[in-house]
Each structure stands twice: as C-alpha cells, then as structure tokens.
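Look for chain A in each of the two complexes below; its partner is chain B in the first and chain C in the second.
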Partner chain A sequence: MAELKKFLIRRILTFVPTIIGVTLIVFLIAYVIPADPAKAWAGGEKASPEAVERIKERYHLNDPWYAQYIFLVKGIATNTLIDPRTSNPVLDDIRDRFPVTFQLAIIAFIFTLIIGIPLGLISALKRNSIVDTIVRIFALIGVSTPVFWLGYLLIFVFFVKFRITNLAGVPPTPATQITHVPIIDALLTGEFTLFKQHLARFWLPGFVLGFMGTGVLARFVRNSFLEAISGDYIEFLKAKGVPKLKIYRHALKNALVPIVTVLGLQFGGLLGGTPITETVFALPGMGSYAIQSIQNLDFPVIVAITFIYALIYVTANLVVDILYAVIDPRVRY
Partner chain B sequence: MQEEYKKNIFDKIADKLVYGIASFISLFKKDWKAKNKSKMEEWRLMLYALNRSPPALIGVFLVIIFILLGIFGPRLATWRYNYFPSLYTMNFTQVVLAPPGSKAYLEFANTTITYPLGADHFGRDLLSLILSGARTSFVVSIIVISLGVPLGIVLGLIAGYKGGKVDELLMRITDMFLAFPALILAIALSAVLPERIQGFIESHVLLQKFVLWIFALDTREAGNLGRLLSVILAMIIVWWPVYARITRGSTLTEKEKLYIEAARAIGLSSWTIMFKHILPNIIGPILVYITLDFGSVVLMEAGLSFLGLGATPPIADWGRIVYDGAQYFPKAWWLVFYPGLIVMLVALGWNLLGDGLRDVLDPKTRRSIEFKVKKAKGEGEENA
Partner chain C sequence: MPEPILQVRDLTVHFYTYAGIVKAIENVSFDVYKGETFALVGETGCGKSVTSRALTQLIESPGRIVNGEVIYHSEKGPIDLLKLSEEEIREIRGNEIAYIFQDPHASLDPLYTVGYQIAEAIEVHGKVKNIKEGIKKAVDILRAVLIPDPEKRVHNYPHELSGGMKQRIVIGTGIANNPRILIADEPTTALDVTVQAQILDLINSLKEKYHATVILITHNLGVVAETADRVAVMYAGKIVEIGSVEQIFKNPLHPYTKGLLKAVPNPMTKIERLEAIPGTVPNLITPPGGCRFHPRCPYVMEVCKKKVPELVEIEDGHFVACHLY
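Showing the complex of A and B:
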C-alpha cells in the first residue's frame, strides 16, 4: 500500500503544474481579446468615454499582461470576477447552470455504459460474425454522426411524432439537496414524480450525447476482452476444467484496466459535446451559457467557463489514473 | 482450403495508380522506379488488401465524392450562394422555405427556380448551398490537417529524440493543451480570435484575395473572413498536441533500435536521423490517424458553425445552414436533415477509409490477405 500512496502523491503533484498551465492558456485566450468589448459592455456606440474608461480600469484592460493575468486568476480563485452583463460574480452564474450540464453528462455516460459494454462483449464472444461486423459499423457511424443532426432527428421522432419526451423548461430541483444533482437527489429523497419529470426531460439529450461514445466503447471492450482471453492463464484455467462463465469473469477483470482509461477519455468527449447538445435541446447548462456569452461578447464568462471545463476534465483524468492504479497493481511505477 | 481471388477492376486501377505515382516520382529522381521495385510491390499489395474490404471501398468512394465536391462544388451549384431569390419576387411565400421539389417563378429576374432539396429562409436553393458549402468544409479540413499535423509531428519527433529538458518542456506544453476538452478550447479560441485575424487579413491584400479564391467567395465577403479563419486557427491549435504525443511515443521506442544506433555511429546529424530514418518508420499508424481526423475536422467545423461560430451568412457552410434553419424546425425539416446527412456521410467515408487502412497497415491482419492476393497474382501471370 505504501507504493500506492507514493504513486498518488506524485500524481497529485503533477496535477498542480497542469492547472497552472491551464490558467496560462485561459489567460492567453483572454489576452487576445481586443479592447473593444469595454465599449460593448458600457452600452455600445452611445457609451460615454468615462464609462468605457471605468470598465477598462475595472477589468485591468490597460495594464501590462502580468497584471491582467494576476487579476484574472485571482478573480476566478476568489470569485470576484464580475460578469459585465449580469453584474453577478461569474462563478455564481456558472454554479446555477452546472447541475444541468453535470446531470446531462451523467445520463449520457450511463447510456454509453449500458449500451457499449454489453455490445462489446457480444461482439467479442461472436467474433468475426455478422454481429461483430454490425457493431463495427455501428461504432463508425457513432463517431461520424454530428451531435446536432442526431439531436434534431430524434426530436422529430420522439417529440414531433410520438410526444414521448419533454422539451420545455427544466423541472425544479428537489427541496433537500444531497449530491446537488437534481435527478439523484429526487431519487434519494423519494420524490418520484420529480424524478420522472427529470427523466422525461433528460433522457433524450443524454442518449444523443452518449451515442457518439457508445460504439467506440463497444469496439474497445471487444478488443481488450479478446486480448485478455487469449492470455496463457486462460489456457491454464481451461485445462484445469473451470466452467466457461468463471473463465470469462477472470478475463473481464483483466480487460477492465484499459476500459477504465478509455472511459476517462470518453468523459472528456462528453463534456466537449455538451454545448451542442444543450443548444439543440434548449437546456440552460454551462455549454449553452458559454454560447450565449460569446454572442454577447461576454468574455469574462468565456474565460471562466473554459477554465471550469478544463478543471473538470483534468480532475476526471486524475480520478481515472487513481482508479487505474487501484485496479492494476502493475502501474504503480 | 484457401480461398482464391482473381484480380478485379479495383486491383487494375491500383496497379495503374502505383505505376502513375512511381512515374511521377521518377520525373524528379532519376531511376527511382528501377531502384524501388520492392517498395512499389509493397504499395500494390496494400492496395489489393484494401480492395478486399467492402467497407473500406465504400469509404474510398465517399471520400472521392467529397474531394470532387470540394473542388467542383461551387461550379456545380446552379445558383451562387449569394443569389437571393426573395429579392426577385413579390410572392415571398413561393420561395421562402419552399419545400423540396417545388418550383417558383421570379418575375423580376424572369426565371424559374426549382428546389430539388427545398429552400432556406432567403429562398436560396438548398442543393446549391450544400454544393457550395462542400468547398468550405474541404478547404478547412485540408488547411487544419496540413498545418496542425506536421507541427505536432515535428514537435513530437524533437521531444522524443532529444529527450531530457527539451522533452520535458514540450510535453508539459502539450499537456496544457490536452487538459481542455477539444471542442471547448476550439469554441473559446474561435470566439476571441476573429477581430485580430480580421485586422491581419485586411492589411494583407494578396493573402485576402487568395483566401477568397480558395473558398470560392465573392470579394464582398472580405469582411467575414476573420471569423472563418479564426475557426481554422482555433482547430489547428487544438489539433497539434495529439500528434505531438503520438509521435513522441513512437519515436521513443523507435530510437532505441539498432539501425538508429548505427546511423548515429556513422555520424549522421540528428535532423537526418529524425526525418529520414525515424519518421518513415513510424508514419504508418500516424497516417491512419490523419485519415480518421479528416472526418473529425469536418465534424468539428460543422459543430462550431452550428454554434454560430465561424462562417457567417451568406457564406455557404453545412453547419451554418443547420444553425440558421433550426429555428424553422420541424416545419422546414430539410434545412436540418440534408446538410447534417452530408456531414455524416463525409465523416463516415473518412472513418471507413481510416479503419480499412488500419487493417492494411497492421502486419498481423495484412499478411493473410496478402498471401491470397499473391497466389491469385501468380496465376494471373501464368495465364498471361
């Protein structure tokens, strides 16, 4: 266990420079913003020069780059960066929208898992059969389908034709919050009508977002399962006369290691897909908020959201790496 | 029992293709063809192997169509992307969001316009828009791949081969970029870059003319180039880190091999070793990635313009047509359905081709196919 501890400490230490790097890139993004937004924030062409000057002062737009960098990092860290449009602290606005995005990503992830893993196992067990070919083509179609197109297609089928999904508004959050993810809270506190409402609203966008990764995961599960099952220890188990199902259980355990990695990568893909999915399904999450703030030239929000997305992604990767080390003792180098 | 294959029509095309490429190289390098017989044979066998996989052939077919559309699309279009039929008629309902298959008479222009795939909210013909949009998608994917990928490969080679501090520095920078979900970084960059790029492009008239020409745009679109180019730059910035990491990984294993040690022992410079000896040996898997990524670039570009970034109307762009048409959904379903369908087909084509290439370039799966082909070839020669 001592080795695991060492690994964790080293891994968490590399986390810090990555985050600093992320803030640097975010700053570069902010730095190439021309000084004009000050005028837009002050109210366009009719804005008085003093107001523009005041805004420039407040957002340190005239200061040298290091001062701007410190201002930005400090603003995000202490939540004092103010959205010039809504006059709220940027992180407060993001916090209101975060649960929607998170819930969407979780549901998409669940879809990816419950479709992808069985599909992969079936195509591994029926290797080089019709089923295998179909899964392969399904995987390729999955990565080739534009999220927005699939979204509108399914809206047409499930909303316009059959009316089995809800597309308006977002159901309220349950009164008692435990995990701050509404759908899980509703389930935990026993508010089943609310849970049903959330499910009716989120299942379709979740499926659309998860669709892209499903086929990829299936192919990956297939390959790593096949690799695991061709190991020498499997031959040994067969020779020993262990029943088939038990052998599969052993193989699955070994196949799990690479699958965990690919799941971590998929999570990044899911996060990246949220702006498009939220725009198609009119969900008020972080992604659609970013798009709105781009249309309003609301750059502090873009900067903060980009940072938050990167933070989530880097943290997810950290968790994956730790899981990886816990599952497989060989990686604790 | 082993299956036997006869040379089919695609194999003959492959023969011609390899011969053509070899002759082309021979124009510049004397006796190349005579010296590289075995290499030509290898290429030919790879193409034969590719011909044995129907999905890969479908991929080749779709990709060729995409390339042809990209080159000739704007010329094939019956109407220019900036021809607004609603300006030429008093009867707007006839042209605005006209359903597929309808016709309209434009009294001021004295022409009849047919809409095979319907019309958008300006009464523009959707088929012509999709054909013109092919150029945008095609040029964007070519530029992003041809600038982003070599940058990543060169940095990856240097990091992997030099090692030490250089490696550490380059890889930390790569990690920073890889810490963002790709689309999020692309969104942020293409949101903040346009004004600077617009300023740059306006001060370089020649470059501006060139860009307008490759995108097949009218000169009055010069004011919108900044947004289009910012998407390209954003995607290049997003694209290189992946290649840097892949290349570094394969360089690390490759440079330990004996032939590199030999090359170093006879005193070749690091640049020669990197680009003439290591690169050709690791390029196979990278080629597969490049093929797959052509599809990803087309998808991401469509996604970005669907979010309202990049190409601005009236520039024809597949994602942008969906963005503008979505507000009339589901009534004007064709504005969402057809552009999305073509994006999917193009991405699918590149993915099928990449998947097929992976099988061909993977020695394990290739050998079995090759043996069969070789056998068939031997027979063919006997008959001849």
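Showing the complex of A and C:
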C-alpha cells in the first residue's frame, strides 16, 4: 500500500509539467493568432476605444506573453478568471457544462466496450473466416467515418423517420446529487423516469461518438487475444484437460494489458471528439462551449477547457497504469 | 508377457502449410507397457513432440491427425483415443494421461498463482468442489514435488520462482490427478544441468510412488540410458528402431541409431572419438523416397531408395526398420 501511495504521488507530480506544457502550447497558439480579442469582446468594430482599453487592462493584454499566461493560470487556479463573453467565472461555466460532456463520454465509452470487445473476440475465434473479414471491414469503416456525417445520418433515421430520440434541451438533473453525473445519480436515487429521459437524449450522440473507437478496439482485442491464445501455457491448459471456455478466460486475461492501454487512450480520444458531437446534437457541454469560445476568440475559456481536458487525459492514463498492476502480478510500482 | 497400456498403430499427422503438406509423422506404431519408462528419442524436428501430442488429439490447426489408432487400455477396457469426442478426450487429458512440457517458463500462465494452476487441474476433473479446496490439495502436491515451504509457495506467481521450481510445479500439475500415463516432453531441456538430474530423479520417484507409466521424450541419450526401460528411435517422422535400453545401446541395428550413439559419449561402451552423421535432416514436405535415412546412410543400397522398410523383429522385443536386416 505504501508503494502505491508513493507511486501515486510520483505520478501526480508528473501531471504538473504535462498540464503546464499543454496549456502553454494552446495559449501560445492563441497568442500568435493575429486578431484583436479585446475588440471582439467589447463588441466588434463599433466598440469605443475606452472600452477596448479597459478590457485590455483587465485581461493584461498589454503585458508580455509570459505575464499573460501566468495571469490566466492564476485566474484558473483561484477561479477569478471571468469569461468575457458570459461574465461568469470560467470554471463556473465549465462546471455547469462538464456533467453533460462526461455523461456523453461515459455512454460513448460503454458503446465502444460493448461493441468493440465482443466483435474482437468473435473475430479472433473465427479468424480468417468471413466473419473475421466482415469485422475487419467494419473496423475500417469505423475509423474512417466522420462523426458529423454519421451523426446527421442517424439523426435522419432515428429522429426524422422514427422519432426514437429527441434533440432539444437536456433533461433535468436529479434532486440528490451523488456523482454529479445526472444519469448515474438518477439510477442511484431510483428516479427511473429521469434515467430513461437521459438515456433517450444521450444514447444516439453517445453511439456516434463511441462508434469511431469500436473498430480500433475490435482490432486490438482480436490481435491481443490471438497472441495470448498462441502461448505455450494455453497448450498446457489443454493438456491439463481444462475446458475451452476456461481456456478462453485465461487468454482474455492475458490479452487485457494491451486492451486496457488502448482503452485509456480512447477515453482521451472521446473527449477530443466531443466538440463535433455536441455541436451536431445540440448538447450544451464542454465541447460545444469550446467551439463557441474559439469562434469568439475567447482565449481564457479555451485555455481553461484545455486545462480540464488535459487533466482528464492524464487521469485516465493514471487509471490505466494502476490497472496494469491489478491485472498483471509482474507489474510493480 | 508385459501388459500394454498404450498401443499406437500407423499414427500419421500432417501439417497443412502454405509451403506444402508437412508430413510430420507417418505410420508411427509402438506399444507402451504398464509401469515402464518408454523413451522416444531423436533429433529436433523428427516428430517426437508431435507423436506425444497426437496421442490425446492435442494437435492444433494447421496440423491434423490423418490416420492411425491409439488404443488406451483404461481400467474400463480398451478405447481408441483418436475416436473420442472433444469432451471425452478432455476428461482423459490431465486426468489419466497427463503431460509435462519442455519449457516451464512458458508452460505456466503468468497471471495466476501456481497454487491456482494446480488446483485448476484438479478442479476441472471434478475431484474437488472448488478452487479453494484444490489449493489445499496443491499444498500436498508441492510437498510431493519437494518444494520447500509449500504453504507459502502456493500463493506465489510463476515469475517469483526459479526455472527448476517452475518445472516442479509443472510436474506437480501433471501428477495432480494421479495419472496412469505421464508424458514428459523434454522435461529437462530448458533447465540448468545441475537441476536436470534433480528433475529426472523426481519424475522417477513419482513414477514409483504412483505406479505410473512414463513416456519420456528427449534428444538426450544420457537421460535415456539413465531412466528408460525401452527406447524408440525416431528419424524424420518415422520410428526406425525399438528395443530395450540394453539392446539399443549395446547392439544398435539401424545405421541412424549407430550414428547417434557414435555422436555422443556412450555410457555403456568406450569410444575413442565422437563422430557426426553426415548430411542434414530432410525437409518433411518432400521427404526422400524409400527409406528416409538413405541420403545420409553409409550402407545405402538400391532398394533403400525405392522401398519403405517395415519394422521387423530381429531379436526378442528388438525391432528395426532397415533393409540391411
């Protein structure tokens, strides 16, 4: 246990340079864009010079770049950074939108898992058969289908033709909040109608977002499983007289390390896909907030969202690293 | 007359690869008698392992058992192991006929404790109710294979043990169900020389203790002389000579056996200098016609190139497949 604690502290310390690096790069890109954010925030061409000057003063826009960056980071850390567009503290805006995005990501992740893993296993067990070829083609389609195209296509099918989903607003959050993710809270507190409403609203965007990952995951599951099943210990299990299903369980557990790695990366990838998905499905989450901010040259928000995304990404990777040790006794911290 | 426990007849296994059909073993026939140690010797790639695995249908695609019979004299009477369904043969594998594989580092699943893996071998044959009970039995098995501190060791993972210890675990797994036949496929090849002797001693003493029959597969003639009662010599997928250890070592008949014995220090006779057999092992996709050894044989005759020699009994229990006799 002490070793785990040490490992966690060491890893969390490595978060700091990673997150500083990511936010700094995003900030610098925004900084060098030849645009005048202050004017945009003040209201465009018609803004009075005094107002523009006041905004520049307030957001330290006349300072050198490093001072501006430090101002932004300090503002995020103390939650005193005000969104020039909404006039709310940036982190408050994000906090309101985060549950939508997180809920979307979780549902997408579940879709990726329940489609990708069985497909990969079927493909491995029926390797070099027609089923295998179909799964491979599916994987290729999965990675090469653009989210916005699939999104509109499925909206046409499930909303315009069959009305199985709805596309406006977001169902209310349950009264008692435990995890702050509405759909999980609804389930935990037993508000099943609310749970159903959330599911009805989120399943389609979740599927669209998760679809891209299913193909990659299926391929990974297939290959890792095949590699595991060709191990000598599998043959020894057969020689021991272990039934087939139990042998598959051994193989699956051995295949799990690469699968978990790719799952961690995919969870990060899902977050990267949220801006488009949320825009297509009109979900008021962090992704669409990021798009709006980019359109309005809203740099403080862009840096703050980058910060949150980076934090989620490194946390997902930390979870993956911990899972390695849970799966494989040879891995020590 | 000794009582046979296993009678192999015309066993043929082919591997269907892109390069062609590999005729890994062809028309292999031999008997194994109850309670003996039967050694299968030959160089790498001659089909020893394939033969041993084909006995319980452990041949994976692209390999296929094309022909043959393996009559196993179980306590309930003789059965042809090759005609059993997948589930029927599974019940025999690891239970009545158990295996020990060559590489202990690769034979154990790295993600499970050794106790679990032994317990699993017992549990799948329904001899204990659950894994937990099996682990209790595993402690006794570890003690039987001379692992110190067995109560603690059952909870170790394979990577925490040395090669010799791991092979003891593999042996323990093999004997977990008191098998009637134990097939040891090069059990000492992957181990240090110092550990090899201990492992062989262990297999021998366990054989005595459980009244098992051992089929020992090896390319090490020293090991054969030390442990075996009878020997079958394989070359390029065929058995060329079968006899007792004395017959094979003192009076080798087949030119290949003679060559083999000249190539190693013979524990039974004194030889001045070690000789190699000229040539290399043939490609089994297009094996030489007639006797497969003829391109390398110093006594080759015209008939050897045309006719496949059959196994004939030269003296009591001593068979050879060669046109010289």
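Convention: the second predicted complex is superposed on the first by the 310 of 333 C-alpha atoms of A that agree within 3 Å, B and C clash if a C-alpha of one lies under 4 Å from a C-alpha of the other, contacts with A are read in each partner's own complex, and residues count from 1 in each chain.
The rule we apply is simple: contacts are C-beta pairs under 8 Å (C-beta built on N, C-alpha and C of every residue); 3 or more make two chains touch, one makes a residue touch a chain.
Predicted model only: the values in this text are computed from it and were never measured.
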Clash or fit: what happens to chain B and chain C when chain A is overlaid? fit
Please indicate which partner A:163 is in contact with in the superposed arrangement: first for chain B, second for chain C, both, or neither. neither
One more residue to check, A:268. First (chain B), second (chain C), both or neither? first
Where does A:137 make contact in the superposed view: on chain B (first), on chain C (second), on both, or on neither? first
Chain B or chain C, by number of chain A residues touched: B
After the two structures are overlaid on chain A, angle v-u-w for chain B, chain A, chain C in degrees (C-alpha centres, nearest 10): 80
So, A:242: does it touch chain B (first), chain C (second), both, or neither? second
After lining up the shared chain so the two structures overlap, which partner does A:46 touch, if you call chain B first and chain C second: first, second, both or neither? neither
Pick one for A:32: touches chain B only (first), chain C only (second), both, or neither. first
If you've got the overlay open, could you tell me the nearest Cα approach between chain B and chain C in whole angstrom? 6
Contacts from chain A onto chain B in the complex sit at residues 17-18, 21-22, 24-26, 29-30, 32-34, 36, 136-137, 140-141, 143-149, 152-153, 155-156, 160, 268-269, 271-273, 275-276, 279-280, 290-291, 294-295, 299, 302-303, 305-306, 309-310, 313-314
Contacts from chain A onto chain C in the complex sit at residues 231-233, 235-243, 246, 250, 253-254, 327-330
Mind pulling up the chain B residues that touch chain A in the complex? 55, 172-173, 175-177, 179-185, 187-189, 191-193, 195-196, 295-296, 299, 302-303, 306-309, 319, 322, 326, 329-330, 333, 336-337, 340-341, 343-344, 347-348, 350-352, 355
Which of the residues in chain C end up touching chain A in this complex? 56, 58, 60, 90-95, 98-99, 101, 103, 106-112, 120-121, 124-125, 157, 159, 170, 173
